[in-house]
Structure formats: C-alpha cells, structure tokens
C-alpha cells in the first residue's frame, strides 16, 4: 500500500484576517480529502475597492496520495 | 504615461495582533497614495514593559509611481 | 559583565489562531527569563481529529544570557 | 462560493528566448482555465544537439480553484 | 505539440533510509507517467512508536504535461 | 562628500517582454537621477483581458544618494 | 498544561552514510526526551586521515518542552 | 499617532573596512532622522585603481515614519 | 570512467537583452567543452555611458569533468 | 562514545566593531565548553543614546555534546 | 605562505544511492588535491531508460589553493 | 572579443579580523588576474589551539574571462 503524500499549493483569501484565510483554504481542502499537514509559505494582500485590507495566504497542503 | 510601480518597505506595530499590525500600516500607506498590493516579509516582536506581546510586521507595499 | 544574548527556538500551538499561538509560547518563555525580542520563522499546522485547524508557529526568542 | 486559488507549477521550453518560453506555458494554462497570475521561479537550459540554446522557464501559476 | 512539463510535489516515506524514500516516491510517480527529473527539496522525519527513525523526503517531480 | 548609495525598489511592466519591462523602469529611474546599477529580484505577470501575457519585473536600483 | 515544543539543533557524524549519521543523532536525542519530529538542514563532510568520507548532518529536532 | 516605521536601503562604502562602511552610512542616515535599527544584508566590493580593497555594505535601516 | 560533472559560474553581458547575454556566455562555454545544462542565478545590470541598459546575467554551467 | 555536536545560537554585541562582537560571544562560549566552529548568520545594530553604532552579530556555535 | 582555500562545485552521479554519489565525487576530487571539507548543496535525479533511479548530488568542495 | 566574466569562489583566513581575511583573499586573486568585483557569501570560524578566534570568509570573485 502506498505511503506517499501529495503536496498541493493553494491561496486562501479573507478580509477578516490571516486566521480566517488559512481556515477557509484548509477546511475546503480537508473536505475534498483529509489534510495531513499544511505550511504557510507566503502572505500578500491588497486594499479592496471599499477600503478593506484583503489577506491572501499561500499554503502548501500535504495529503495522503491514496486514502 | 508611466506604468511603473514603486515598492516601499514599512513596519506596522500592534499589541492586539498580526491583523491589526498589517491593517494599520497598509491603510496608513493607502491614505498617502493608493496601495496596489502588499507582501508580508517578516514578523518579529517583543514583550512590552507591562507584559504584553507586541507584534511587529514588516511589509513591502506596491503603489503606482505616478497616479 | 556579559552583554551576550542567547537565541532559542520554540513552537507555540493553538486552535484559536496565530496570535494566540505566538502569545502562548512567548509569554511562557518570558516567565522563565525576560524575552528581549522574538522572530516568527515558520507557520505550519494540521486539522485536529474533531475538525479544527491547529496553528503551529515556530519562533526564535532572544534573551540575555545572564540576567 | 469558494474564493480559493490553486497554484500549479509548470516548465515552458523554447529555443527562441525567455519571453517565448513564458508565453507558451502561460497561454497553454490559460486555455485550460483562466490564469490569475504567474511567478517565474527558475530559469535553466541546455544546448541542443544542433547547437542552439534551449531556455527552460519554471513558473508558478495561480488560477481560481472553481470558476 | 506541447513541450510543457508539469511539476508536482510529493513526500516519500521509509524507515529504511533516504534512498528508499526517494526510490519509492519516484518510481510510483513514474508508473503513472514517465518522470523527466526530480529535485529533493526537504528532508524531515520522526521516531516511530517502535523506536525506528522514519525518513520523509519531499521531492519536486517534472513530467511531460501530455505524453 | 557622501559616498553613500540609496537603493530603491520598482516594478516595470510590459506586454512586449522581459527586456522591455526592465528597460522602461531603469531608464525612467535614470532620468530622475543617474542609475549606478540594478538587480532583477522578481518576475511575475498576468494575462490581460485581451489575452496578452503581461510581464512584471521587480528591480532594485542603486543610485548615488547625493549627486 | 504547556503544549509548547522546544527546537534544538545537533550535528550527527558517521563514516558509513547519511542514514547512519541521522539515526545516531536522532536516537541519542530521543533517549534524552521523546523526539516529536526532525528536519535535516545541512549536509557537510570531510575526508578522514585514513581516506574515508565522513558525513556530517545538521538536524533541527522538535521535542515537547515539558513531558 | 502613527507607530509605523519606514525601512530604507542604502550602501555604505569605505576602503578602511566593514565597520567604517557601516558607521558612515548609518550615522549619515541618523543625521537625517533618528535610526531605530539596521540590518546588514549584503557585502560586496572591488579593487580600486590604486590597488586597495573597497568594502561596499548594503544595509536596511528602520526609522520612525513620523517623529 | 568518471561520471562526474564540474559546475562553473560565469557572467554574460549584452546591451541587446537577457537572451543575448545568456546565449553569448553559454555558447562560448560550449565551444571550450560541451555544456550539459545551465542555471540562471542572478540578473543585474547598469546604464552605459551612452544611455543603454546593459544586461549582466550570472549562470552556473554543468559540464562533464572529463569528456 | 557520542560523536554528536550541539549547535547553539547567540548574539554578541559591541560598539567597537564586528570583530569585537564576534570575539566576545565566541570566547565566552569557548570558556563554557570548547567551541568546534561558528557561523555568522545575521548582522544587525542600532545607534546608542550617545550616538555610537552598536554592532549585534548573531552566530551559530558548534560544540561537542559531551566532552 | 597562502592560507587561502579554493571552493569548486561538482555533481556526483550514482544509481546506487546518495552516499555513493557523494563518495564518488569527493574521493575523485581528493585524488587531484586533498579535500578540506565539502557541502551538499543540491540533490536531483532522473529515472534511467532501464527504470533505475539515478541520484545526482551537487557538492561544494573546499581545498587549499596551494598545497 | 569576449565580454564574459568568470566567477570563482575562495575562502580567506585571518586571526586578525574580517577585513584582513577579505583583503588577503581578494588581493591574492587580484595578483593572478584583475578582480572586477567580489561578494562576501559566508562567514565562519573556529577557535585556534592557542585560544584565538580565526575568521574564515567565503567570497565569490568576478574577473574578466580573457584579459
């Protein structure tokens, strides 16, 4: 049986904060297939047209290749 | 007309949290000139004399050179 | 008298958020010996068995070698 | 509705130049699904058997997870 | 015809050693689609419950997008 | 007399190619004050609404603080 | 109860190979206090006076601060 | 009142040594506006036409945005 | 027979563009001994006395140690 | 007998110069236990209240775990 | 008498494993001139036409400039 | 005529200080062939048997390939 993990990269986005951006992208990925671990690799953002700070958090997500 | 962006570096400071430190420095820069994007490049901090954790977040901010 | 600082590395863990993970590990270290400064050097995490995102924040902490 | 972006990694190849290698790989990815942004992360190459320089450009490509 | 390569990221795991962890993940990926090259980008591990060192090797794998 | 150099960071943008993006931002900076040297530190881009690849090149530019 | 992990840095040495250098340093640290995880951060070496290659592997080791 | 710091980048130059190159650029910046901290980020140099080693030290300097 | 490769570092220079700077240095090295592969590791430049942008591209070049 | 080395991190401080900051922290560590090697990993500083440049040099120090 | 060391870069190749790739390239360099130390800086590889994993290990090798 | 530069790597050693280690290795290289520029890329050291700090400075040196 395969013990290999796949590592995918995603960007979560939230105007609430860094935690919310991370939670959104991780829980969404976890719904597709169980997340083993994640690493935050970049934090960027912008100011939205209505003047809010938008947080963009890039994560690497490790999941079992075959469950 | 120039399409060039300038990139400046600032440190935002807050005892409330990482989000607040980012928001403060980004919105202040946005008031001077519209912020195109930002990148978080360093997170440091200290313990204040009254025992609070102070968050210091260094950001790079991209803005149109000439609006 | 020695002016040297030691730098130690720790990982703070919280299911509440990044701020809480940082505060926990920094204030715990500050109780042992006064913290001069800290640097966030890695943010990782996992999904707990009851479906929460766990934030793991690795910090370097600078403290006076001899107080 | 999901605001998450996926980030994939590809290598574009051209004997004409760096621009052509980038354009080829980005426009091909854009045909599959609209490209949000890309980052050049590595430039390598080789000399082909008929003595031409082959440019190999590795890019990270951000696209909406679900359009 | 497309000359583009895809780059995927996987983690191979073995209690025998680094070579075995690499071989397992690379040959498994090669069975799906011919591997052009790979890069070792991280080596981590843990001690298993029966006291063995488990090697976890993260690799980036380049393969032709379309064979 | 001061021998110090300032280092500023800018992003040049072009749909023609990497060379053009670099030339535009460097020559514009050189018109303000003579450029001593530059370093390319990041290459990103996007696909424009009319389907062209836009090259965004971030450069650090060194110039005499006082001419 | 503290959930904090300490991270220490050690160098394992072996003339047999990389696996042996890692195993030696990790199992020794595990005997002192249970190892949570480790990361290989540098591989160096030298040629011994009797002509053997000596492998020196630097690792970061994570362990519960208080068991 | 703003607690934000600006971070600027400069290169100090001296044929005497690294210390002198750093002192020159930091004290010159401190005369303009009080320096909070600095970081050495690059050390380069050249041989002058009369055969001396010229030290070029690039620093990032943090100063209060508004005093 | 030795399967070892040497890796050398060179800087190619051109006022025409990045491609030309790379081609010049790679083909020159290939004339001395067949180039196996190359990696672009730094791009710098300056403005020449007659106002042209000069591109300086640093490459690492891999070649068989003994052909 | 253990051949393992520990690696610790310290910051040496001097208003005289980089050499003095390094010497102070290394010789102090050597008095505790014989230093095998050291690596300079960061140089920072500040301007003291009486207008001197203070050099802060972060070093990693390797020492035999058990002498 | 010169105390300077030269640092050269080589890639060792083996289908047996990482240790063998390192040993081959280091002992070959040691035969030319005594090796002072080496650093592993990159591990790559490919699958050979007969389905074996080929390990390619890039090393930096320090040797006395003049023995 | 070739405009290519070679880049070589050397380590200078001195018990006097960082400046002396750099000067020694750069002037020695300049005697062989005129040095265009140098970059300091690593600073390490050890304590000598008579208790002195030995500074080891690794530099990359750029020189015209053909004068």
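Chains here go by letter, A, B, C, D, E, F, G, H, I, J, K and L, matching the order in which they are written, and residues are numbered from 1 within each.
Note that in this section a contact is a pair of C-beta atoms (placed from the backbone, for glycine too) under 8 Å apart; a residue touches a chain by one contact, two chains touch by 3 or more.
From a predicted model like this one, the values you see are computed outputs, not experimental measurements.
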Problem - Any chain in contact with chain G as well as chain H - result: J
Practice task
Using the touch definition up top, find the fewest steps from chain E to chain K.
Solution key: 1
Exercise for the section: State the smallest step count from chain C to chain K, taking one step as a move to a touching chain. Expected result: 2
Handout entry: Chain pair among E-G, I-L or B-F whose interface repeats that of E-K, sharing over half of the contact pairs by residue number
Key = E-G
Problem - Furthest chain, CA centroid comparison against chain J - result: D
Exercise for the section: On C-alpha atoms only, rotate chain B onto chain F and read off the angle in steps of 5 degrees. Expected result: 120
Exercise for the section: List the centre-to-centre spacing of chain B and chain D in whole Å, with centres computed as mean CA coordinates. Expected result: 31
Exercise for the section: Please report how many Å separate the Cα centroid of chain C from that of chain F, as a whole number. Expected result: 38
Exercise for the section: List, in ascending order, every residue of chain D touching at least 2 other chains. Expected result: 8-9, 17-19
Handout entry: Pairs of chains, among all present, that meet the touch criterion
Key = A-B, A-C, A-D, A-E, B-C, B-F, B-H, C-G, C-J, D-E, D-F, D-I, E-G, E-K, F-H, F-I, G-J, G-K, H-J, H-L, I-K, I-L, J-L, K-L
Handout entry: Footprint of chain F on chain B - complex, ascending
Key = 2-9, 60, 62, 65
Exercise for the section: Name, in rising order, each residue of chain C that touches chain G in their complex. Expected result: 8-14, 24-25, 28, 58
Handout entry: chain A residues touching chain C - in the complex, by the definition given at the top
Key = 17-19, 22-23, 26-27, 30, 34-40
Exercise for the section: Mind listing the chain J positions that touch chain H in their complex? Expected result: 16-19, 42-47, 51, 53, 55
